[in-house]
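Structures follow.
There are two complexes below, and they share chain A, which is joined by chain B in the first and by chain C in the second.
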Partner chain A sequence: MARVIVEVMLKPEILDPQGQAIARALPRLGFSGVSSVRQGKRFEVELDGPADAAALDEVRKMAETLLANTVIEDYAVRVEEQ
Partner chain B sequence: MSAARVGVVTFPGTLDDQDAARAVRLVGAEAVPLWHADHDLKGVDAVFLPGGFSYGDYLRCGAISRFAPLMDELIPAAKAGLPVIGTCNGFQILCEAHLLPGALTRNASLHYVCRDQRLRVERVSTSWTNSFAEGQEITLPIKHGEGRYVASADTLAELEAGGQVILRYLGNPNGSLNDIAGISNAAGNVVGLMPHPEHAVEDLVGAPSTDGLGFFTSILKSLVNA
Partner chain C sequence: MARVIVEVMLKPEILDPQGQAIARALPRLGFSGVSSVRQGKRFEVELDGPADAAALDEVRKMAETLLANTVIEDYAVRVEEQ
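Coming up: the complex of A and B.
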């Protein structure tokens, strides 16, 4: 059993109006010193077996096929230490 | 000649399939219901992907519909020249399926927009826009929260150079790059747009115009001439 984290973020050049709205809300709530916020998605993928190279390749394929739209999003895959 | 047969696809969460089918019938064609879970295009001459919230817009708009069994049939058929139009959620599905370049993202304003929208028809040499005049200004309803068209600078340049921008907003409602409301593939058989032609075909229901009819008469004309 292993848990693999896939993080999906809009590419830097793609406008993220949700992140901007959060950034604008923070000072109103008394939080200062934030220059920008970008919002993304986090997927926790539980594997039946170990997170070996083959399994990670498979997760990358999942990200490429379904979890991210690579036209507008980047993704990162990492194994979470249990 | 028998009536042209236009397939109208229903996914779970599709909303505008009945209006689309009605518009198809209004211009004298036969509307053929297509079900997302079937591996069957029923031999139709063209396909309409209507708007709505297929699969609840889970993950990304159109991201799950794009893998529906029907799409396994539709994607190769569209690549081989079958005329396909997607409006609103249908446009999002066509982009997710990579039948059209770019993507639709959250409106810049973060607000859902629902209004009558002025538009300019930019390209008339497609299966779905040949009834219009180039530069013609039309009014269609829009209703979407994720209609901001984005693509890489290279893709945008290609679309503009190749005349693949078919429809532009007059007064940009969502922050779409280059005011893009609709595009086609290079061949002109696959078209996607955020506005709703199927909601603007009859005066009786209070539509802002009947300008939407042009998309349906266009496909009939291109099928007769094919």
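Coming up: the complex of A and C.
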């Protein structure tokens, strides 16, 4: 059993209204010193087997077809240290 | 300028219907070997200054009051290596 993390974020050139709303709310809530916020998704994928090269390839394919919209989003896949 | 990552995930004891829907869709889409999926949020917070202890304390407070619902969600704060 291994856990693989898939992080999905909007591409840098795509506007992120959710992140902007958070960044704009911060000063009102008493937080300063933040120049920008971007919001994305994080998936914890539990594998039945080990996180070997073949399994990571499968997870990458999964991210590409199901978890991320690659027209507007980038993704990163990494193995979580147990 | 430093980038701090805030990861927000549902607590383990809270049902995650989005993650379950993904896990159920995978075999149908030809992916096997995944035992479970959990979906959460990921925030990239850009700081004006360095990510020192005081700034990280601020980000933790921000996560607690704005980014996470601590009744049902856990959060983790970490500095992203540039």
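Convention: the second predicted complex is superposed on the first by the 82 of 82 C-alpha atoms of A that agree within 3 Å, B and C clash if a C-alpha of one lies under 4 Å from a C-alpha of the other, contacts with A are read in each partner's own complex, and residues count from 1 in each chain.
One rule holds for everything that comes next: a residue touches a chain if its C-beta (ideal position, glycine included) is under 8 Å from a C-beta of that chain, and two chains touch if they have at least 3 such contacts.
The shown structure was predicted, so the numbers you read here are calculated from the model rather than taken from an experiment.
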item: First (chain B), second (chain C), both or neither touched by A:71; value: first
item: Touching partner for A:38 - first (chain B), second (chain C), both, neither; value: second
item: Contacts of A:49 with chain B and chain C, given as first, second, both or neither; value: second
item: Partner chain in contact with A:60 - chain B first, chain C second, else both or neither; value: neither
item: First, second, both or neither for A:17, with chain B first and chain C second; value: first
item: Where chain A meets both chain C and chain B, residue numbers; value: 66-67
item: Interfacial residue positions of chain C with respect to chain A in the complex; value: 1, 7-9, 19, 22, 25-26, 29, 31, 33-49, 55, 58, 61-62, 65-67
item: Residues on chain A engaged by chain B in the complex (per definition of touch); value: 10, 14-15, 17-18, 21, 66-67, 69, 71-72
item: In the complex, chain B residues that touch chain A; value: 59-60, 63, 67, 95-96, 101-103, 105-110, 148, 150-152, 175
